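Presented sequentially are two complexes of subunit A, the first with subunit B as partner and the second with subunit C.
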Partner chain A sequence: MPDRPLIETVDLVKTYRVGSSTVKALDHFSIDIEEGEMVAIMGPSGSGKTSLLNLIGALDRPDSGTVRVKNVEIDRLGEEQRARFRKHNIGFIFQFFNLIPSLTAIENVLVPIMFEKEKPTRKAADLLERVGLGDRFDHLPGMLSGGERQRVAIARALINDPLIILADEPTGNIDSETAREIVSLFKELNDEGKTLVLATHDRLVAGRAKVMVKIRDGRMVRGKAHSRDGMMSLSPKEGGGREK
Partner chain B sequence: MRDREGRLATRKKARKRGPDGDPKRLTPLGYILRETWRNRSRTFFSITGIASLALLFILFSSMDKGLEDYFEDESEGVPSDESKELFKVKQVMDDWVYLISVLCWALMVLVVMNTATITVVERKLELGSLRAIGISSVQVSFLVIGSMMLIVAAGIASGLLASLVLIPLLDIANLSMLGGGLDLPLVYDPVSILNTILLGLGSGALGLIPPLLMIIRSSPVEVLRDAG
Partner chain C sequence: MSDRRPSFNSATYALSHLRHDLFRSTTIVITLGLTIAFILLTSSLLFGLVNEISGTDEKASILEGRIPGSLSMFEEFRLTGNELSEDSKSALVNYLLVTSTIVFAVALFIMFNTMSIAVQERRSEIGVLRSVGFSSKEVMKIFLTEGAVIGTISFLGALFLGTPFIVNLAAYLIDRGESGIFFVQPVIPLQLVVIIGALTITLTVSTTYLAIRKNLGVDPVEMLRPSG
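Moving on to the complex of A and B:
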């Protein structure tokens, strides 16, 4: 049996109710993401980028279709199992950082493991040093700039050493210079073997990704992948996996 | 001068680190304390409310107990005019003490429910983010229960401490106003203290049900979407 991709979504449909109307966020969307890839998902607001990330990250369930991550059908897991799955396999990075305002930078990094018996505080300190905040351990989020807060969020996403990092508009709330540094950090993590899936409007972020997928109205409209031989085209396929 | 500042900074830094020089660990209790302190004005008002109700409850319990003990001692012999008057007060108290207890309990439930609901609504994004990064809804509920139980415990303890001072003072003052000119006996007994603690725990448990249901039923996706 051939190896399955790290992330496999098949024929995903996801709808939301907004007032009295129903919005189709994902419309029979399928994509395979291999381990170690850096995928940029691009598309206009409301195209389904965040919905896709939420489904891959075990935050939400599809109306129909399957999400398989590390060979686990995560849409079939119960609430508590999905929380555990997220904790150990997924690192989330949000546009608005979502840090806890009353906790210092280092405590924010430690939040995902505060209920664990083993608390690798040294690792949290190393991660903050790695993202360039070695002198900001005891600063509250309110004392940090947007870029610094995003770095804390990246360190927090890495504390459990997840295989997959999901970032929703990670550069959407920071200046272009800091965005460039954040993207370099993502590239570095990808080079170390982390799989990154980034929902973004930012061409700078998309330009550094190995695979770029464009979606509109919940469907894949175009995809491009970097390869050793240059660019490969991905085309949408109903009900299927990745095509090259 | 600069040396002194340097020493102070080093000492401050050392306090924030463990004995091995590593940064201090973050525990759920540490998180609860930090969050309770962040919302200190609301916490203060909730503690004051619970303390006042606990004080009112223990005051009436002490009056009830005092009258009970008085009539146990006066059961034999011809009743005096004062004991006749006190007996009337006791008859009223017998009805009122239950009503006051129920009222204190209901108000305490409302205080807990109100504070916890505001906390959950106000910290919706924070609690949703915690769930998104892998903290389960049971663990998030534990954080909310912990902070509310801290408030209830502080409120009950404050009420009991205040009663320790107030009841002997009222006993000295003879409670002439409350007793309609009579020397109303007050007895501070351990059963009243235990009842007050149980009252606090009961109201905490009941008042927390609606906010906890909010947490369990809420979806982190919806919370994050609303925030975006």
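Moving on to the complex of A and C:
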């Protein structure tokens, strides 16, 4: 069997029912993402970026089509199996940080492993130090700036050593200076071998990605590779006529 | 230094949340605590009566002097002979059970409502827990632990703050003046304390379960969507 890409979606269709009408968020969307890539998904608000990340991250299931991550067809997994898959493979970063407001920075980082027998508090502390929050361990999210909250969220996303990091508009709510730092952090993680998929309409963020994909109305408008080593693994696969 | 911090688990999670949502947690804890204190108080007095009243008219009238209306109440229990009849004892126990059940039910209903509203506000938190890979059982465990922590705090508070109150009330009821005899010496059997404690925690955990149940099946994506 030939090596499959780390992430492979085929003909994804995702619709939402709102009252009696339906909204098509993804319209036969197909993309391959190789291990170690850093991909920016760009598109206007409502184009389907979040829907795509939710499917890749096993948070949601498509109406039709396939999502294969690490050779697992995650669209076939049940709710609880997808939760376990997320725990070990995916680190999520959200636009609104999604920290737990009652927990301190370090507790937020420890949340994903709170039911494990081994709780490497040291590792959580190291991660916070790494994202530049060595002196903010016991701060509640409410006492942190947007950029600091996002860095806590990044540390939390890293605590389980996921192979894949999915960031949904990670700089949407922070100033451009902090955004620059966060993008550098993403770049660093990518250099260490993590696969990153970033949904964004921030050119600064997209510019640092190896690969840029444009999405509109749930369809890929443009797939563009601009990496130095000429990695052209990204293949926009229009319309769904794809052999298996 | 950070290696030595206490380990982070669902109990510390619950405590952090209760501290953060202080107004709501205080409301629940005070309601429950007063209820448990009331139950401890009534039962300790009633157990005391069963133990100590020898049933003379003299004592009954002194009691009436202390607690107006008590005479008619005890007449129902037919305090006539030297011993409380079996009927009277079971009447006392029934009285205790009925009042305790009613106040407990009211307190739990208040807790259920408060928790239900709190859970609605914490839907995105549930979404976050799901997104980092918790099973619905693990999310449930976090919330049930919180229910158990609330129950424990309320119970211990009622026990340690309520007991001195009971002792003081007893001192008032003890007639040293005219007859020099104990009227009602409150009795709190250890068994009763254990039963009330276990009951409190079981019921607070069940109430929490009822309050959260509906929200666990909901799609994590729905829960994470900002502003619905």
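Everything below uses one rule, namely that the second predicted complex is superposed on the first by the 230 of 244 C-alpha atoms of A that agree within 3 Å, B and C clash if a C-alpha of one lies under 4 Å from a C-alpha of the other, contacts with A are read in each partner's own complex, and residues count from 1 in each chain.
By definition in this document, a contact is a pair of C-beta atoms (placed from the backbone, for glycine too) under 8 Å apart; a residue touches a chain by one contact, two chains touch by 3 or more.
Keep in mind it's a predicted model, so treat the numbers as computed, not measured.
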Based on the superposed arrangement around subunit A, label subunit B with subunit C as either clash or fit. clash
Subunit B versus subunit C as contact partner of A:R156, first or second or both or neither: both
For A:N98, is the partner it touches subunit B (first), subunit C (second), both, or none of the two (neither)? both
Name the contact category of A:E73: first (subunit B only), second (subunit C only), both, or neither. neither
Go through the superposed model and pick first if A:D175 touches only subunit B, second if only subunit C, both, or neither. neither
Which of subunit B and subunit C A:E188 touches, first, second, both or neither: neither
Would you sort A:H88 into first (subunit B), second (subunit C), both or neither based on which partner it touches? both
A:E116 in the overlay: touching subunit B, subunit C, both, or neither? Say first, second, both or neither. neither
Output the subunit A positions appearing in both contact lists, the one against subunit B and the one against subunit C. 54, 57, 59-60, 79-80, 83-84, 86-88, 90, 92, 94-96, 98, 100-104, 106-107, 110-112, 114-115, 119, 121-122, 124-125, 137, 156, 160
Residues of subunit C defined as touching subunit A within the complex: 2-3, 5, 7-10, 12-13, 16-17, 19-21, 124-125, 127-136, 138, 141, 219-221, 224, 226
Residue positions on subunit A within touch of subunit C in the complex are 54, 57, 59-60, 79-80, 83-88, 90, 92, 94-96, 98-104, 106-107, 110-112, 114-115, 119, 121-122, 124-125, 137, 140, 156, 160
In the complex, go through subunit A and note every residue touching subunit B. 50, 54, 57, 59-60, 79-80, 83-84, 86-88, 90, 92, 94-96, 98, 100-104, 106-107, 110-112, 114-115, 119, 121-122, 124-125, 137-138, 156-157, 160
Flag every residue of subunit B that touches subunit A in the complex, lowest number first. 13, 16, 18, 22-28, 30-31, 34-35, 37-38, 125-126, 129-139, 219-221, 224-225, 227-228
